[in-house]
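By letter and in written order, the chains are A, B and C; residue numbering begins at 1 in each of them.
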Amino acid sequence: MKGYQLTLYTQQNRRHEGKMLADWIVGLAMDMGLRGATLVSGIEGFGHTRQFHSHHFFEMADQPMLILMALSEEECDALLQRLDEEGVPLFYVRVPAEFGMLGTPVDA
Amino acid sequence: MKGYQLTLYTQQNRRHEGKMLADWIVGLAMDMGLRGATLVSGIEGFGHTRQFHSHHFFEMADQPMLILMALSEEECDALLQRLDEEGVPLFYVRVPAEFGMLGTPVDA
Amino acid sequence: MKGYQLTLYTQQNRRHEGKMLADWIVGLAMDMGLRGATLVSGIEGFGHTRQFHSHHFFEMADQPMLILMALSEEECDALLQRLDEEGVPLFYVRVPAEFGMLGTPVDA
């Protein structure tokens, strides 16, 4: 299937509707019926504001978080629009991708 | 060099031929003479089946695992075909990429 | 904005100018005024030399490190040229990408 690999960047101390923002996004992806989302934590980094977010130099709360998703073009547009309307601060990167399942899903 | 950035998604409790599936794939990549593979663990996520795989909410065994590789088109096709024949359940994402070495390899 | 998603691969025990190479690169990215960089650690992997770099099988120092950046074409070319001139051993993967901010930056 053709579409996009979307990466959303946030950090551990961002919250939205009483949840960690990254968890809220994974939940939203489930609610929207998207095919998957994987949350990966970074060690350190800096974002769009020159501020250094680090795991071992500063507190844990600054830890960068990445959410990876494989989406059709329609799904990607709908998700980005929804997130933008929600007003949550996120940096996104999307790249054209081909994706699918190999082998036999064991928990299908 | 032109080719693909391939990401394979599995989870920590999947096993194949007596090994953790992710480790088995890294070993296969070495056996096939591919130029590299890097295993990254996710914190949580869900896959193609609405089931929530989490590091901190459920047991460690559900932890998502990503394998990243840079491959020529021929290598990528051969690997995906081999994995599909092996019957191991995997989600793959591939994106067109350019890759190579910078500087002087220290352990060449 | 259009540009590249750049991934640089190194490992924890590589040092440059008295720093961990990965940290030195994040610092360079800040000095160059780039918009962000995120450092992610891998569990294990092998690089361009058949050597197996592992977190749980060998010592921590061998742990793979990935640096992710979203860059314009000019920024990407300038960074790769600078890193190549610096002579630091790195594997790079770049993929055409579209990126930007969603919502309202909270710490702008």
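Quick note on the criterion: contacts are C-beta pairs under 8 Å (C-beta built on N, C-alpha and C of every residue); 3 or more make two chains touch, one makes a residue touch a chain.
Small disclaimer: the values here were computed from a predicted structure and weren't measured.
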Turning angle required so that chain A lies on chain C, C-alpha fit (0 to 180°, nearest 5): 120
Interface numbering overlap (same over half, different under half) for chain A and chain B: different
Whole-Å gap separating chain A and chain B, where each centre is the average of the chain's CA atoms: 19
Shared interface positions of chain C, touching two or more other chains: 40-41, 95-96
Of all residues in chain A, those that touch chain C in their complex: 7, 9, 14, 40-52, 64, 66, 80, 83-84, 86-96
Of all residues in chain C, those that touch chain A in their complex: 5, 23, 26, 29-30, 35-41, 65, 68, 70, 95-108
